[in-house]
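Two complexes are shown next, each including chain A; its partner changes from chain B in the first to chain C in the second.
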Partner chain A sequence: MTANLADPAVTPEELRRPADGPPEPRAARWRWPLTPKMFIVAGVAAAIGYLALVPLGYLIWGTFFDAQGLDLGSFERAYGDGRMGELWGNSLAFAGGAALLSITVGTTLAYLNVRTAVPFKALFFAASIVPLIVPGILYTVSWIFLASPQIGLLNAFLEPILGTAPFNIFTIWGMIWVEGLHSSPIVFLLMVAAFRSMDPSLEESALMSGATRLQTLRKVTLPLVRPALLSSILVILITSLESFEVPALLGLQNGIYVFTSRIYFVLRSYPQDLGAAGALAVSLLAVAVIGVAVTRLLAGKGSKTYQTVTGKGFRPRPLDLGKWKPVVGVGILFYFFVTVVGPLLVLLYAALLPFYQAPSWEAISSFTLDNFAQVFEMNSAARALKNSLILGIGAATIVMGLMAIAAWISVRSTIPGRGIVEQLSFVPLVIPGIVLGLSISFVYLRFPLPIYGTILILLIAYCTKYMPYGMRYASTSMTQISSELEESAMVSGASWWTTFRRVLLPLLSPGITAGFIYILVVSFRELSSSILLYSPGNEVLSILIWEQFENGSFNVLAAIGVLMVLALMFMVTVAYKLGAKVGLRED
Partner chain B sequence: MRNRPLVPLVSLAAVALMTSACGGSPTATAEGGGGGRDSSAEAVAAAETYDRLNGLSGQERTDELVACAEEEGELNVYTSNTDMEKLIDGFTDEYDIEVNNYRANSESVLQRILQEDEAGYYGADVLETNALELGVASDEGLLHPYESELRDSVREEGREDENWTATRFNAFVVGWNTDLVPPGEEPTSFEELAEPQWKGKVSLEVGDVDWFTALHDYYVEEQGMSEDEFTEFMTRLASNSQVAKGHTTQGELLSAGQFAVTASSYSHTIDKAAAGGAPVAWRPANGEPVQPIVVRPNGIGLVKTATNPCAATLFVDYELTGGQEVFAEAFRIGAIEGGEDPLEGLEVFPVPEEKLLEDPDTWNKAYEDVVANGQALD
Partner chain C sequence: MLRIDNLVKSFGGEKSRGKKKTASSAAVFAVNNVSFEVKEGELFTLLGPSGCGKTTTLRSIAGLEKPDSGTISVGDRVMFSSTGRGRTVNMPANKRGLGMVFQSYAIWPHMTVFDNVAFPLQVRERSDRPSKKVIAEKVERVLATMQLSEQSGRQATKLSGGQQQRLALARALVIEPPLLLLDEPLSNLDAKLRESLRYELKRLQRELGITSVYVTHDQVEALALSTQIAVMERGGVVQLGKPRDIYEQPANKFVAEFIGTSNFIPGTVASQRAGRHCVETSNGILYLESASQLPVGSEVVVSIRPEAVELSTTARGEQVANEWQGTVVTRAFLGDAVDHVVAVGEHEVRARVNPSVSIESGTSVYLQLDPSKISLVPVN
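Showing the complex of A and B:
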């Protein structure tokens, strides 16, 4: 094998592919015996199917049918707008740009964090997730305060150097910038998991054989994490296509409308035109189904290609950056200043003021802790925090548990129809939040067990909503684990369940931890379905945030944002440390 | 690995269709009262109590009501009123009743009560929300009339529907940043805001269809403007404007100086910010604010299927008495006539609720087009 490495044209695919041996040794082994394995697999598949089909069925029924039967009028209402071409153009430019930015940023940060000896790793990790914690509306408004041509602090600050108003956040570039940065933690977490499970000896071999760092990156590193990259692109493209917060706050200002503004317009009056909203969501569904199929196809091509966790032991040892260290150090500082420290400082600044005003001595002398005091005085704040914690941890645990098995079904098994499991798990991503809420309350109002009106209904909603992300995290990690480990365990007499628990689960831990952190963090700000489904006593934090927002207390909202960042940074650090104790270890 | 991308696709669609076919039409509304609402035991019992209370007056009514409500001991409120916690604090200080409060945006409150009604699940005792949603609930037959001397003292615009009663009003005012608009230069009319000197300095809110429709009726039906003139006028106003989403964000950006004027802020947003020291106002030091001021009631209705009908009625009483002070403290405009009236002497114009209820699409589209075409003029 080493001899081949001298040839730079040899790709990792060729390096890892076994020269001979049975191509698909497991294909013939599949039977349907009544084993615990069958029950677990069937149970998980059924759970995923159920969670996905409730909202999908509701959406499709409402879109294609009315009381009289098949009705396609909703499509005309949804797409009959003369400016549809322009809307799609803006949406694609926005989503494509945001995906490019977040993937570049997220991948670079993940690589530096996992594979190199950057300083302050734990802090670096937590800080990379900050944009995810800050509610979108606060993050976006912070950017208005930083880069609006009229009131932007950065513009005022840089005017002597760059001329009048060098930045304008109210453009498609501004929208891409904010959305891209806000979604970069999704990519960061996925790529961290991928890099942690990658054997660095492959890169070292390439380097020792004379390849440059750039060649190694291009020919070895990136191809090996292709499943994670594909997953990132898919998730970010679709979430950006669906996103309305950033386009509404930044784009509308100057008349940049996107595809989702149609969903907003058709849903805002009574009766809500759920049919038209569904018709719009159907095109997202098509994009998603094709996306998942393409990802499966590409990631599945020679499934051994990406298996870097093999029987051969390795310790993911950090790479010394050498002469690049100062450059990287400065780059990281710059990134954090621009994307984390800047918006956070603006938020903290707003949280300390009775009302927003440009920084001045007068403003600073009016600093007060009243906004924070108001948060702590809220009647239901403690209860809401507790509920959000229970739901966040509950949903993250359940989803990652289910998805670990689902990933095995989808990536590793030879069960017929395994692709459907992956497709289904991705469906909730394209369902608008309000439709998800309506479909779930529709079902549980008629359910024999008393789930409606309890916290369980929220848990079900959260599990449905975050299943797609969980699946991306779990299946990406699963593609990296070599099947030979599983086979060895089986040959040594371990049952499937023991193998799964003792071999696969620990090896999946980078992906599971990343998915867990992601779900925990984003579930704290889930509003669109929570607001319909919660009941008195089951309030969650996002409801309180919404209330402050409706009430016009923007500065109290900023205080809540600051507190959320502190609390979740702490929890993320704990989760990350715990996750790092299981499975692959670093030096 | 064999892969057949078509199989998942087809199966997905098939399974989805089969599943949903079993469930009936999920998006149908509660036409005709789902699940036999009016004949349900809850509705029959509640109707009896409501009618008995509505027949009483004076001290006799109060005594009977408080005794019965405290016996029920509980109240379930569905609301979109964000001052509800303070109202409930006042209510529970006075009476020994536990209040469960479901609060959400008005669309969700309506969706929830309709869905529950359709499924025969009766969770709400009172519904406290915006005029449009109360109108829908009333049309769907969810509400029972509330009668009392207090209702008679509510402003006329607030008791047009017998099934619900206004408790407070939202007023759409033209607000400005006092640092950017010096005294004496404040806008005096909507027509002025459409003139070139306000180019780029105004802000509209993307969802204010109710405000737009009210102005339409004011200018076209009262001032004799033609439809074309009105559209042209509003398009010019939009071309002067930056479009914001949400009145809170808009208010925050106004005080930060992102724009100089907002064409349709809530008076309470401006008043509250000004009380905190922000440089915003909607009344000039000299002269009158921009008029007409479009007003829209928010109110409360008794739910037919209430399990605590006495507590529900007592709560409506409370909102029209002690609750009015809570609203005033939150800079909102109370509904009782003769109280302190921040709009006294000003020309107000109500939102045409019927029109919006009958044909929401036309008005949504009209406003959407005016805004988009105006912005395209830049």
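Showing the complex of A and C:
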């Protein structure tokens, strides 16, 4: 087997040396720092660093310093009213409750969907994905329509029976309910990716060892997906802490403040106190940092043992549910009605009415399409749709592209300081949307290029905001690809970039597609940053809805909502079909 | 063909390296000063327990691990050269042009069988890349050699274990590498398949004449396959030689224990002439031949392979050399042999004998030890 010794390309001229002679290393050939790999890696790291640190710098500078120097007065103004304990209590109860609800629901759904022969699979996927594509503001408004003590339909139905209105959405429980249900699809998507990449024989071997289904779930399945589970918990805790729409629409009425709604409240009051808002944000930041630290500590143990996707092929085989099949089926139908049919029907119902009222023959006979006609006559509606599309696709593409490489840097490379890249990409997680919007507007007010007041500033905000989620999706997938798959490509002669493109990217594609869909969809419903960054002409759909809510035109809002939900459903369907094709094939 | 000189690789010492050389004593040496040479067409095996540095050595040859110092060259190409300071040559893995079969096979699950094999040719630099037609021809040829032609268009993950192994081999061989690296390629398979593939692998390697480095912890595999074996322990090569030499003349107790089973009896050299040793043990005098020629009075350990012991219920004679008396403690029928454990004085000696001999426990027996099959293991 000496054929390729005579092959000049496989034996580069510069590395020849006389046979039997001592090896003569030549330093002139030592030029790896200038390879394309290094340019790409350095470029990605720099972009992440810029996006993550610049707004944070402005936030901290603005909170602690004023023209005279260090100033802690902002903290006094933020916390001076003696309701500090209540603010903390509400925030933690809200975030913890919502996380508990959504993790339980989302993980169960993901497991059933991927690993069992569950009935209504198609319906079921829609059920778990639909709450995600209904923007938070619409979802919250729907639940106001359903469970408000005054106009809620559920209360209208049950009051004659129970004698009292059983539901009040304007409480902390109502907030947890809406936020938890609305977040469960995020958990669902994360956990589906994890369950899908798990070798079923790991579970089967537990069953063969004599473990019951439940024991298998507890001792094998859940520990194996622990990294994904922990990252889901982290994501949900922090999205709930930073959630703006639910606390703003449900909590402010009865004075139930969490950090975000308090920040908004402080910013909305006159005179605007940026320092106090920043002080609140810094506390929120501290909580989030602790959360991240704890999760990393827990997930750090034995992270290597979680490479559950190996080069050996496996065929996913769904478990038979047996006698539980009807029970699970009914449960899924119930979930579908509570989270999807109810909120969507009530939205459609409101969109068809000239003014909101309890259902009756009178109400049904007054159905009209006037609200929709009004929407189509609005110039701003078409423009908002276009802006939302550009921003969603742009942000999803940029973020997943950057994060695929960033995940490689942090998970696989041995480059010094690789940990910093990952940490930087998670920094925006701790910046609440509303504060991010504020910081970014400050940055670009002083920026020499004309970015302020254009759609670009929204794109920058969206890329920054969704960078952590992109990183989660990309790095979760990356840790589950055995490094031997990459090494074998290198040994086969592929350059780093070719290996990345032809081996890693296709294997990452289920995770990347999931991340892309997620970013596309959440950027459609983004409100808390946009509300401070948009300028006339650059409105996005969520801003349009917010304006209708402020104006009190609920029925036009419902009409926009119905159209938006239809558009999003269409997009997710297309993306899912696309994603299913590029992902690992299933039997 | 492959030459490795003074290879050193440590883990965990990176932090201290910036400060001072002496501070790196905390580092763990995965490979410590390993040198060997593999000749053209050989199948060279790195054998040892887990953590002995065999895989690190292989990965250093592949270019997947960067050694601290040493030289690795394949033919007349220097793959790696570093004296620990100053200039370093470190050819990246993708420029080395070697073939490698990974433990998990690392079959890319998103490609077909054909695409997996074509990949190493497709990723060559444009100037050096064969045309599509040539690639197809080469891939078909290597798939035919591996008897995978019919699976060519199938998804790679749909193959059976043995087929996956052949696919991994096909992918490694398609570029006709000067050197093939195999990282425990049989450890993922069931015993029966492992045995048949072991011979298959040997046949292919000998037929193609491809120089190979094989890593395994399975001594039976190493003995069956290799032309040369390097036994490694704690980062170093403890013995290097032909399978038969290593089995029959283990360099130390570790090798003797790791390769097969052995009885170890301590003793003292009573006399020695031209390699013919007479060793005094607590059980009696043993005559044996050894190339080591130890001086009279040396403390030694005698290694006796179980199959070097013959059992008999009658003595050959009184005070015959290399004949001990003992009592059978237990026995086990193995199909092709019967294992007896015999208590001799303070020692227990394991004897593996022809299945026609089976002696009940408690019986007094005589052990006859073949002097040519006993070896000396120096005490260090």
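In this section, the second predicted complex is superposed on the first by the 469 of 587 C-alpha atoms of A that agree within 3 Å, B and C clash if a C-alpha of one lies under 4 Å from a C-alpha of the other, contacts with A are read in each partner's own complex, and residues count from 1 in each chain.
Assume a contact is a pair of C-beta atoms (placed from the backbone, for glycine too) under 8 Å apart; a residue touches a chain by one contact, two chains touch by 3 or more.
Every value quoted in this text rests on a predicted model; they were computed, and no experiment measured them.
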Is A:Phe145 in contact with chain B, with chain C, with both, or with neither (first, second, both, neither)?
-> first
Which partner does A:Arg502 contact after superposing on A: first (chain B), second (chain C), both, neither?
-> second
Just chain B (first), just chain C (second), both, or neither: which does A:Val491 touch?
-> second
Chain B versus chain C, judged by how many residues of chain A each one touches | B
Who does A:Gly453 touch here: chain B (first), chain C (second), both, or neither?
-> first
Given the touch rule stated above, what does A:Phe372 touch, chain B (first), chain C (second), both, or neither?
-> neither
Classify the contacts of A:Trp88 with the two partner chains as first (chain B alone), second (chain C alone), both, or neither.
-> neither
If you stack the two complexes on chain A, which partner ends up touching A:Gly255: first (chain B), second (chain C), both, or neither?
-> first
Name the residues of chain A shared by its contacts with chain B and its contacts with chain C.
-> 24
For chain B, which residues are in contact with chain A within the complex?
-> 1, 3-5, 7-9, 11-13, 15-17, 19-21, 23, 25-29, 76, 82-83, 85, 89, 100-105, 107-108, 110-112, 115-116, 118-119, 121, 123, 132-133, 136, 206-207, 209, 242-249, 251-253, 255-259, 266, 268-269, 272-273, 276-279, 356-357, 360-361, 364, 368, 372, 375-376, 378
Listed in rising order, the residues of chain C that touch chain A in the complex are 40-41, 62-64, 71, 73, 75-78, 81-82, 87-100, 102-111, 119-120, 123-125, 127-128, 155-159, 164, 168, 171-172, 175-178, 180-181, 188, 208-211
Listed in rising order, the residues of chain A that touch chain B in the complex are 24, 49, 53-54, 56-58, 60-62, 65-67, 83, 137, 141, 144-145, 148, 150-151, 170, 248-249, 252-255, 257, 265, 267-272, 274-275, 289, 293, 296-297, 300, 303, 354-358, 366, 378-380, 417, 419-420, 422-424, 427, 434, 437-439, 441-443, 445-446, 452-453, 531-532, 534-537, 543, 546-547, 549-554
Please give the residue numbers of chain A that touch chain C in the complex, ascending.
-> 1-5, 9-12, 15-19, 23-27, 29-30, 32, 309-315, 482, 484-485, 487-496, 498-499, 502-503, 506-507, 509, 584-585
